[in-house]
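Chain nomenclature is as follows: A, B, C and D, assigned in order of appearance, with residue numbering initiated at 1 for each chain independently.
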Amino acid sequence: MTFEVWISEPVNWVFIVVALAVAGTAVKVVTSQNVVHAVLFLVATLAGTAALFLLLSAQFVAWVLILVYIGAVIVLFLFGIMITRAPTGRGVGLDNDRKGVALVVSSALFAVLTWASLSAFGTAELVDIGEGTPTEVLGRALLGRFVVPFEIVGFVLLAALIGGITIARRDATPADEEGRGG
Amino acid sequence: MIINQFLILAALLFSLGVYGLLVRRNAVMVLLAVELMLNAVNINLVVFEAAIRSTLAVGQVFAIFVITVAAAEVGIGLAIVILVFRNRKSANVDELNLMKW
Amino acid sequence: MTYTIDWLAVAPELTVVAGILVVLTLDLFLSRRDKYWTGVVAVLTVSLAVVPLIVMAADDLTRAMFDGSFVVDDFALVLKGLFLVAGYLVLLMSVTYIESDRYYEGEYYLLLLVSILGSLVLASSRDLILLFIGLELTTGPLFLLAGWRKGDAKSNEAALKYFILGVLSTAMLLYGMSLVYGLTGSVRFVGIREAIPAIGAAQEPALVLGVLLMIVGFGFKVSAVPFHFWAPDTYEGAPTPVTAYLSVSSKTAGFVAMLSVVYLAFPDLTSIWGPALWLLAAASMTVANLSALRQRNIVRLLAYSSVAHAGFMLVPFAGAAVAGQALSEGLSATVTYLVIYALMNLGAFAVVIAGARRTGTGDIEGWAGFGSYAPRQGILLVVFFLSLAGIPPLAGWFAKFVMFQAVIAAGGTAAVWLAVIAALNSVIAFFYYARVVKTVWMDPAPAELGEEATAPATGALRLAMGLAAVAVVVIGVFPGISAFFGDATTRILNGG
Amino acid sequence: MNPLLVLAAEEPAELVTSGFWVEWAGLILISPFVAFLLIVFFGKRMRYQGAEIAIGALAFNTVWATALFVLNMTRGVLYERTFEIARIGFLGGTRELVFELGWMVDGLSTMMYFLVSFVGLLVFIYAVGYMEGDVRVTWFFAAFSLFAGSMLVLVGAPNLVELIIGWEGVGLASYLLIGHYWEKKENSSAGMKAFYTNKLADVGLILGAIIVGVTLGTFSFSELSRVAAEGGSGLQTVASVAAALLFFGAMGKSAQFPLHIWLPDAMAGPTPVSALMHAATMVTGGVYLMARTFPLYQNLAEGVRPAMVVIGAITLFAVGLLALVQDDIKKVLAYSTVSQLGYMMTAVAAGGYTAGLFHLFTHAFFKALLFLGAGAVIHAVHSNNMSDMGGLRKYMPTTYWTFVVGSLALAGIFPFSGFWSKDEILATVGYEGYTFVMWVGIGGAFVTALYMMRAMALTFGGTYKGDGHPHEAPKVMTWPLIGLAVPAAFAGFLNIPGIEWPGIRNFTEWLAVRVVPMGDYHPKSVDVGLAAIGLGAALAGLAVGWWLFGRDASTQAERDRLEIPLLYPLFRKKYYIDDLALGLVWLIKAPFARAVLWINDYVIDGIVNGAGMLTRGLARFVYGGLDQRGVDLVVNGLAAATDAAGSGVRRWQSGRIQGYAASFVGGVVVLVLAVVIFR
């Protein structure tokens, strides 16, 4: 497939716009010197990703991403920033002084990943995206074939919840705990 | 659309995540970078699912699991960061070097 | 499509789930004084979970469910048994440790049980998704447990280091899994294996990347060089029973994941992962043994020792792969090594826990003359450390012997070189173990001992040490026991 | 075929293959370990702090081993009992590898049981006196029991795996015993050095054992012998590799050049340990291994044997020279042990199975005797250095006379035991066609006699140079000396070629009792000419030694410092010029009156001194230039490099998370590239 053919598809214009937004905001996530901005840029990245999922007709995953991440995880991040009183202004040394190493390592990784993708999938097209995966299919898969991981992942969340609270809570002094049940 | 346009975007996000993980001093910012990496994986899974179109929508199911686990990881990570902050009054990861060699 | 469930096959997992719920509930109602009951429940849970394993081992059936993504075969049975035994010993070690400080007992046991549940699931996983969830379930609680000594800055640091590198490795693992899924269109091991021959030469780089990124993810869990950096720091900072669990169960989980994936999904790709494992094995042995020579802290020493042992454990499999030989002997040898390593390493940690209470320090120098005021624990320490060093007739020798046997039987230049590297490393390794033994028995005890110096260990800890010691000696003299388990695992079923 | 040789021994008619003594012989292997446990748990509370338990166990063993020994002497014993402990499949389950434990009673192991038990018993008794007052007597006897027990396991093992178990046990126990006086840094580093060298060699042993196991499907010596005799196994193709690896293991334990470096340093341990280690246990392990796997070398791996002979010959001569320049009496004996092990190894490698083991047998008695004698002296003068001794003959008569017996036996003087065994080695090596090596062996005999004479003269001759008043050792120490002096003197008569004692089979025939009867070529009768040459060399060594060190007590210290000027012109320049100047003055002052004396002192003296100086100069060169600098440098260099690498690698662990993460990701990239490129 030549570039002309590729660019002639309208859906690819949409992709270009969304992808630029995703990539641009992702760059800001890791470079922004304002922590709150960084979090908000992550929101944009995730929203863009959700848009990509819609392009790929994965509506359910797109909404899960929006609900779980933008609805919950991002709030957690903001809480984290507030609690740890991360510096919210500019120019307070949010990055360490080893950017060179980081740049080299991550560029090398990007080169390897890209090379592998390009050589493997070349210009293979996504044909027949269709109406998208019905939620029913996902539901049946999750509660049928994948019921074991589905049930088990609940314990990941349980452990994270209970352990997280235990780890993060401020310890009461021994006197407070005397005679108290929990 | 071709597969690679998504894959390369995912590779870019993943590498940006790695970059962020390597340069960010604040532990919360490091966690943000990790989210970028996991998000890149989700893009991969969803695009492969679109290409393969398995009967069980395995790629999407996998992505849902990754999202769930990522949420749990954020919870765990923030709890640890808060713990560290409480003891050291700082959440900067490069100040943690009590143990070495 | 409907799926039938063989309830016996999932009975061990269900037992642990029930235990988790009981601990969760009890924790709400027990007063602070009575919290130890949660520990009792946890120990009982793990003991009970062995029962269905024995029942299944007796009837010699292989059970496969959910399109063969959840399988209970001999491989799974042996490793589930190993996880339960290791969990049992760690729980015994934890009792004193957790009780003696003001830690959150109920939550502690809950998280440990969740981690055990994850490892049980892992042993049965024949599907990338289940494998990933199992692995996360095993390690997720450990990130938190590593920081359980909340007031201790080192413990905090241990947790954060472990967590950050852990999620990095998870991301790598997932990226690799996604590539493998994209290339093969399947997440089931059997499906992956069947799809691999159809993959064209052009797609090879992506396949290499996918396989290697998965290996990297597992390499982190088994703490192979250069993905081991978290291990020494985390081991040192984490509460010692958690360290014991990390160095045994979590490592074994990593091995189980790695072995089952490469054995069942990528058996035809030895030319990709064989050299990778070869490099990891050689690097792990060499770097870790050299680093261990200079350690002053006993737990840190054991951390490097554990990294080195990870290298030794990779040797048979890597050797068989690079030589292009059948992988089953490598699998058998590695599992034999895992079984023996689990017992002797847990024993070593139990002694270190007991000894650290008496000496009041983790510095090796502070253990001078330990044998003179704690002769029984001193002897146990000698037993476990020399077993780790591979001195016959303690169990460790057989592990090393089988490792060498497997790699030499595999033949081929690369395998023989690996054997030579392993041999030289086993020479180096002797010294840091012997140094501890020497300090404990030969150096004069400090003139004034602390009050704790003569305090006996608690019953649970003594039981843990005793069981491990008996196992190490018995297996050392009758190594057929461990070889039996190792051989059993080669009867591993690939999917349905 | 040389008419002087016969091919040994057919299977004897009345083999003992069952009965109480052989069927329960496994108790010999177990009793020291039982003693070990008893000592650890109860030793501190006992009258002699556990020594009595150790002695009891070895007395039991001595009785049992003597019974077996007598049975073998008169009829021949052959018995093997094994229990399977593990079985692993390989090559896709088509092959199996069986691990077994058990015990073996045949001619070879019976001899070793007897040696280890008997010598061990006497050394233990001696140690009660020697170690009296030591702070860690209990621990010492516990480790000592472990040492003897491990050696018994080593020699009783019916297969390579059990042999390795004993082998490692011996190494471990020696590590503990050499480092007994841990307070001294050099001792603990000596223990380390011993272990470094030994563990390195063990790698060869283990890899060799695994090759044998993998190709045979079992580690059993009996099976190995059968395959060697009858063929029919994959072992043939890799026999040379396996044999070379096993020999490498033996080189470490039996201190063959250049792996001998650990042994002299290991003298840092208490003297009874040195005695047992050098006589009957530990160092003989390697020779024993060669003898046990002899069929492999005799039939399958003949290509390796010349190399083994060369190494043995270098060891026996070059390392023997080093004994000449030592001041520490234990080091003299240590280098002597290395040299004698060289004789044994040369003999076995050349094909002299009987000869090598016969020397092992006699050497055990006289070397234990010499060490214990040296220990008695050290005990008396509180110094290891011969420069602090001298004139002890009149203070310690029993020690003196037994030491003389031991020295003469070691020097190979007729009719002491060493004469016969050394002669048999020379004869066998010569007849096997290694003529040059035989002459090296004769040269070695000269050197041996020379350094033993020096040791005797400096220790017992002349006048006392140390402090205090030396006194004879207590009876608990002198009786073992006498007990060892008797066999040291007479053991040689057991194997005089051509002489049969009534009712007793020949030593050769004892050793021939194996699953597959062992055969080797050995002399049918004494070759008087060769014996005379050998004896002549030894007597010459004694004479030169006496001339140099014993003749004139007042100058012996000075003579001990004689050097060859050409080799050490700078080092000893001053000394030599002074000497020359004195001589010139003296010559001018009395040119004629003392001409006779001049001839006496300068011509005769010159010739003798020349021979002595040449030898000693060579020794200095080898010791200073090669041994201490070259070989030691390599070993120390390796140790230092390991250490430096350790601290270099350690720096990688910087403590910074993001440094770790960068290495992690970098590792991923490197791994991928490596696999892509090198696959």
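General observations
Here is the rule we go by: a contact is a pair of C-beta atoms (placed from the backbone, for glycine too) under 8 Å apart; a residue touches a chain by one contact, two chains touch by 3 or more.
Quick caveat, the model's predicted, so the values are computed rather than measured.
Looking at A-B and C-D, the interface holding more C-beta pairs in contact is that of A-B.
Per-chain CA centroids place chain A at a distance of 6 Å from chain B. In this assembly, the C-alpha centroid of chain C lies 44 Å from the C-alpha centroid of chain D. If you average the Cα atoms of chain B and of chain D, the two centres end up 64 Å apart. Centres computed as Cα averages put chain A at a distance of 70 Å from chain D.
Looking at chain D, one finds that residues 650, 653, 655, 657-659, 661-662, 665-666, 668, 672 touch two or more other chains.
In chain C, the residues touching two or more other chains are 129, 132-133, 136, 140, 144, 147, 150-151, 159-161, 164, 168, 175, 179, 205, 208-209, 232-233, 291, 294. The set of chain B residues that touch two or more partner chains comprises 3, 14, 17-18, 21-23, 27, 31, 47, 51, 58, 61, 65, 69, 72-73, 76, 79-81, 83, 93-94, 96-101. Taken as a contact graph, the chains are fully connected, with every chain touching every other chain.
In the complex of the two chains, the chain C residues touching chain B come out as 128-129, 132-133, 136, 140, 143-144, 147, 150-151, 153-154, 156-161, 163-164, 167-168, 170-171, 174-175, 177-179, 181-182, 185-187, 232-233, 236-237, 291, 294, 300. The touching residues of chain C, counted against chain D in their complex, run 160-161, 164-165, 168-169, 172, 205, 208-209, 212-213, 215-216, 220, 226-227, 229-230, 232-233, 271-272, 275-276, 279-280, 287, 290-294, 325-326, 328-329, 332-333, 336, 375, 379, 386, 391-393, 397-398, 401-402, 404-406, 408-409, 419, 423-424, 426-428, 430-431, 434, 438, 441-444, 477-483, 486-487.
Residues of chain A touching chain D in their complex: 96, 98, 101-102, 105-106, 108-109, 112.
Those residues of chain B that touch chain C in the shared complex are 3, 14, 17-18, 21, 27, 30-31, 34, 37-38, 40-41, 44-45, 47-48, 51-52, 54, 58-59, 61-62, 65-66, 69, 72-73, 76-77, 79-81, 83-84, 87-88, 93, 96-101.
Interface of chain D with chain A (complex): residues 658-659, 662, 665-666, 668-669, 672-673.
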